[in-house]
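One chain, chain A, appears in both complexes that follow, with chain B as partner in the first and chain C in the second.
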Partner chain A sequence: MWWRVMAEAVFVGLPKRFVKVSIDGQELDVLEGLTILDACRQLDIDTPTLCQLETLTPVNVCRVCVVEVEGSRVLVPACSRKVEAGMKIRTDSERVRHSRRLVLELLASSVDMSLCSAQVGGWMSRYGATPQRFGDSVATVAQPVKIDNDLYVRDYSRCILCYKCVEACGVDAQNTFAIGVAGRGFDSHISTEFTVPLPESACVYCGNCIGVCPTGALMFKSEHDMRQAGTWDESRQTVTETVCPYCGVGCMLELHVQDNSIVKVTSPLNNSVTAGHLCVKGRFGFQFVQRRKQE
Partner chain B sequence: MFGAGGGTSSYREAEETNLVILWGSNARETHPIFFHHLLRGIRNGARLVAVDPRRTSSGEWADVWLGIDVGSDIALANAMARVIIHAGLANDEFIARATTGYEEFAACVEAYTLEVAERETGVPAAAIRDVALEYARAERAMICWTLGITEHHNATDNVLALINLALLTGKVGRYGCGLNPLRGQNNVQGGGDMGAIPARLPGFQDLQDPAIHEKFSRAWGGAEFPHTKGYHLTEMFEAMEHGELKALYIVGENPARSEADQTRAVGLLSGLEHLVVQDIFLTQTAELAHVVLPAAAGWAESEGTVTNSERRVQRVRRALEPPAGARDDVDIICDLARRLGCDFGNPTAEQVWDECRRLSPMHTGMSYGRLDELGGIQWPCPDESHPGTPFLHARLWEDPVGGPRAPLFAVEHDPPVDRLTEEFPIRLTTGRRLDSFNTGVQTNEYTSPLRSKEALLISPADGERLGVADGESVRASSRRGSVQVPIRFDSTLRPGLAFMTLHFPDQVATNVLTIDATDPKSGTAEFKASAIRIDKV
Partner chain C sequence: MDIRTTGGPPTAEEMAAVDGVLGDPTSLWEGGARHPADDHVAFGGHATRSQRPLLLPVLHAIQDRVGWVSRGALEYACRRLSIPPAEAYGVVTFYARFATDERPAMALHVCDDLACKCAGADELCSELEHAFGPAGNSWRRSPCLGLCDRAPAALVERAGASHQEVQVAPVTVEVAVEVLRGGRWPESVNRPLPDRPRKLLRRIGAIDPESIDSYREHGGYVALRRAIELGPEGVIREVTEARLLGRGGAAFPTGRKWDSVAKAPVRPHYIVCNADESEPGTFKDRELMERDPFAVVEAMTIAAFATGCEQGYLYVRGEYPLARRRIENAINQAHAHGFLNFEIEVRRGAGAYICGEETALFNSIEGKRGEPRNKPPFPVQVGLFGKPTLVNNVETLVNVLDIVVDGAVAFAATGTQDSTGTRLFCLSGNVHEPGLYEVPMGTTLRALIELAGGLRDGRTLQAVLLGGAAGSFVTEQQLDVPLSFEGTRAIGATLGSGAVIVLDDTADMKQILLRIARFFRDESCGQCVPCRVGTVRQEEVLHRVLSARNGDAHSSDINLLTDIAQAMRDASICGLGQTAANAISSGLIQLNVVARDG
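Up next, the complex of A and B:
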């Protein structure tokens, strides 16, 4: 992992050992402190993840990455469980496949996952997930899109409750704590304090929640409007890396451009300056450059 | 700093240090993504001290907030130094080996007792002592600052006072230690690196050094160019006043709104025989110009590099076609040179950069290819096998010390020029808000839900004393001019302190009030300290 490698390069901490584990019968050496997911990736074993992101602390909520560990009564989440010497891990047993299938089915039957990455579709077919099997009368989280400001919209009918937005708004990046998970059970949902509209909340519009959202539940208003108008077309978009014009921190921006207009701004997760995070100016303050063209 | 004009540390070090002193910087709002690194440091156990007249949102994260009176930074720093010396916590070995000027410095700070410092700064003596001891005892500690230090008539002395603290305790040149000015724009650092300062050529090379001058002259085909240092911004305005400077070519700056004492600045710009403005907008300054050269936006419509506050040179790239008629800065400059009888050819941004790499040793290893591959490189990077330099001045820890020793400078407290009197009893300071930038030319074009109309922020106690209500429109006057502005109560301000931004010059011309008293060495005006009065209208 790039950030750990960087840390090793400059910061002399305690020395770390390699531990031997076996995954699906293959033995390998893994650096102590890494997770089962890191180990799987070392062997190029594609492991489904929804709530996991390299830059965020694991919250273990989606359970789609679960694996079998010999001696463990329950399946364990690969994203957070650290490797231990002698661990015997199975990533493709019937028990694992069944569990992953059910997680994907339960999510897809109640949430609109149509804007998830193609990877998620790939996992659905790999595990034979058929959300339709629950019938037409299943409970869903369908609800109107929340539009309460000009910068971004919240479409919670697409929310799988992965907590990434909460983590990015909270301790893992922004530390603003404008949103949290409210309610229990099926009624759990992401909410501002007392469900106030964003402009009355603590939100500072950094958009770091949008940056980590895997389902399109959080979206630039510009993207939402274009999708509504049927003009959003990623095949006609270019993505160019450049540096934010505001302040001297030097955040790397990815400008998503369609028809010579910036339609969205992101930052690469592996950038040493930003770790994928921006502020309101870098994320949304680009209008000035295109307004010139209209004049 | 000691010959290299850049922050000494990497952002990452803020995550792994023990103590950060944020001095005259509201990084939470003005450098939000640097503050993310700082927050990771806090999560890892680092302590944060905020030195700021306002209890800002950065201050909310601090373990200790020193609510200093505007412009008394040197008194605070010198008193801290005295505490450290008297406690026997000065790093004598480092001082003896790697610094000069200690005797004079120690004699100077001896006058700054805690009692003197408390009187001059408004900070309780015990708090000054505690922070001084904590800084000295921390294994790793960083000092970061912004315009709260540099927008003063004695900006350079303010910076030197902070450098003194680091040298006194050996808190520079080591991982997790250092001195870091957080730059205000994406290429403030790069502008300096590239020689856009009066006495330097690219790579901070001394214009007045004959060997350096000769090297550049040879590279430029024997070109003749001045041997003497030019003017900085403030000197230019003085030269305009004396009728010495008659023509001005302004690139990407809006001095008609950004200069302190705006009335005087606009008067001088309007009186020029010839004013050329090259900008991406028809700014208020461009409206005064005889010739306007429409430019492409550097960060989204052209190719090049910028340098950030950790000395990282990074690529900017063209993502958009510029509007019709707007051209790349390089093309405009080359065309202009041709008209003046000097053919630079038609170089690409990369060719210009490669010329810079040939002439500036600290940039030599930074090919476009490597900048892409490594996600930017921190200078100095002398050759193509060099990984770049995460922190500066490790040389000071070599024995014997590598290169020249670092000087301690005796600097004295000198309060703001605009004195508080019975007639002008309130201290006005200025700054930025999270969602806005400078004179608002760029940021006022997007709709920020955080934005409210510009107002004069004062403490609720002052509001009560003056008999004005929250939202009431008042007249704010300084010795230079006056503006009408609504009042807003702000509990982060102490009585006697007022705050405005420069973001909305069309709503409130804040710079009508500010003073253009400037630091003779850096040319920065004292935007942070005006004396005003508030009258009901």
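Up next, the complex of A and C:
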């Protein structure tokens, strides 16, 4: 009965408190439930991350964000470990620097990371990563680009296996589950079932996987083609913010334009409507803008 | 969620295999025949999705019946269970047992791991290669099959309506060739345990492992009665005061774990018996399950009673068909005799060492890839299906029977102050009498090897691998180490799973180290970078180091190994990555490739 239901106590969770932690000798108050990474950011300590994204559930697999916590035998991932009262954290100890360096070296020695953001390059030099030192004849994930549809390409020789695309395609955003992690160990890779081409899979081309991919492994076909032709030039691109014209949801779009044509569409991560995610129309349905211009 | 299936229909056999586990489909939505109502109702919801934990049993059924998992079969399973095919494909390809390409019905898995290497497995494999072509189709190389006391070992299976599976050890070239040519089907034989005083193992050989009456004649179910008299708190008090430490590898205090689960406010509580024993050189849990299965079931019952667990799972290594049958029989008989008031579901592993890690094991039971979870939260708070869960190793649990019957004081009288009771050691490799030995904690390694008859005549000791691949090498000079948790820790070693692989001067240490490196590369789940890439680089660099002429290894390569080792130890998610360099680091010291102090 509705009045009985109304009378039931509603559990809203315990009130959040602040806990005291120390980071590199600096004491600070952090809201309970936040991660060590959040705490580091409060102090403007730049912490490298690869598999972490505000809009996705932490998977803590890349291990580039590890920090030293007093009393812990092993290093802990800053991106997912919650702060606890009295935690003593070190973000720049010899152990931390060593593991961060090795993670970057191991990745870069097996994956083509040349399209990662400049930030990643900054971390590489900060930690002195020299991926070449493992030698020339080492196993890599090099493979041909998968081009099986007109909208986007998958270049898994750039894939660091951060799981972000799988999460975006799954419960964190799209709920389509067209791709998953298959195989085991070094053979682990992102795949559709039985590696079928995307048009045979459940993919609905929302492009949300592209939106979260940190390495350029997933890329608009338009961008890929222009890069192949040598015409891709970000310095000549403008970004125009607008609202998607299709339905009433009102998703914010960022149109990346080069030479007066739209070359890629994104949505800001911190947008309250989209959290960076779109549907196939907002993401790829921009051709009509250009067609009309040409007529 | 879109379940899009474009791979064509399953064959009748594949359907029968799936339906054998799930029952017949009731609608078109489940892949069955069209029913008029199907046009108006959608299929799905919680009831369907909650069947996810059945994915592995269904995949086993398909593999058993057909010998491989085709796209049509997988998609049919997906429609029945409402699982996206891409996710299910991720699961199938994670486990070594499932094949996604067509294979012959007959499969011979030949162990080429450490103990079997010492017993000529490499020669066996090259003969098979010669006769049947490279490994991969009709015969395959396998990591340790847990039959190291009878090395070299193999596992034969034949897919079909009545799937057959048998462990063959020792296996000879003649037997292997005959099996592959479709000749005589081999038989499995147990080895009698040598006659010596035993505690935990006292019923082995004395009882009929298929009969609960025989078990009861030998003191079976006395402990359960005593446990009920003591009450849950009483049982936990005894286990705590006995200072029992977990035998699965991590040596966690069992009493503390039980107490945490018992007090966890969230319901239900689950109990999981970890019988995934896959550490190379380890076969103790197999022996217990094959030859004293009722003890395992009784101990689980007591643990569940003490910690308030409503449902139990026993996860048996996939390569242990006899142990699985015996345990299933024991559970059925215990039910029939009213000794079991909760459900214990037997789950079958599918060829993944990592599933012995407790949180990977939960994921495997839940029908997912066996990827370990980050801790905290710990299983006692957030375990199987997100609920408080008690996980214990088989040997740990069986120890509880004596603790409950004899009392904590009597139990702790054996062993050392910090490591109470006895310990099972799996001796294999170059000893006179390989097998399972039970000795009080604190017995020296030298005494243990002597119990097993020592080395063969005229041979000298090269090294002992203590604790399996995740353990480390112990030298001749360290043979007087007391085998207790604290004693091994003092020399930087570990008891681990109780594996003791003895290597004399005939063993090829380089090949042994390379095999260990390959093991970790093959068995890494692939989730985290330090382990996924680190185990590969470790193997590559080790190849370079060991193929260098004596003492000629580049110091930069040695540095690389040390660097990789430290990052794997510090930054990996789970114990696999954290220990993947131990044996190799200590083995290189043993080989004098790396200086003893540095």
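Note that in this section the second predicted complex is superposed on the first by the 281 of 295 C-alpha atoms of A that agree within 3 Å, B and C clash if a C-alpha of one lies under 4 Å from a C-alpha of the other, contacts with A are read in each partner's own complex, and residues count from 1 in each chain.
Here is the rule we use: contacts are C-beta pairs under 8 Å (C-beta built on N, C-alpha and C of every residue); 3 or more make two chains touch, one makes a residue touch a chain.
Just so you know, these numbers come straight off a predicted model, no measurement behind them.
In the superposition on chain A, A:Arg133 makes contact with chain C only, while chain B stays out of contact range. In the superposition on chain A, A:Gln228 contacts neither chain B nor chain C.
Applying the stated contact rule after C-alpha superposition, one finds that A:Val204 touches each of chain B and chain C. When the shared chain is aligned, no partner comes close enough to touch A:Ser72: not chain B, not chain C.
Look at A:Gln119: by the touch rule set out above, it reaches neither chain B nor chain C. Applying the stated contact rule after C-alpha superposition, one finds that A:Asn175 touches each of chain B and chain C. Applying the stated contact rule after C-alpha superposition, one finds that A:Arg95 touches chain C and leaves chain B untouched. Looking at the shared chain after the overlay, A:Thr192 reaches chain C, while chain B stays out of its contact range. Once chain A of one complex is fitted onto chain A of the other, the partner contacts of A:Thr57 are absent, as it touches neither chain B nor chain C. In the superposition on chain A, chain A positions 175, 204 are in contact with chain B in one complex as well as with chain C in the other. On the side of chain B, the complex with chain A involves touching residues 11-12, 16, 30-34, 36, 39, 43, 61, 175, 182-189, 280-281, 297-301, 306-310, 312, 314-321, 323, 326, 375-376, 390, 434-437, 441-450.
For chain A in complex with chain B, the touching residues are 6, 10-11, 149-151, 171, 173-175, 198-199, 203-206, 238, 240-252, 255, 257, 260-262, 270-275, 277-282, 284-293, 295. On the side of chain A, the complex with chain C involves touching residues 60-64, 66, 74-75, 77, 80-81, 95, 98-99, 102-103, 106-107, 109-110, 133-135, 137-139, 160-161, 175-188, 191-194, 196, 200-202, 204. Note for the complex: chain C touches chain A at residues 1-4, 6-7, 71, 74-75, 84-90, 93-96, 100, 352, 369, 374, 521-530, 532-537, 540-541, 544, 556, 560, 563-564, 566-567, 569-573, 578.
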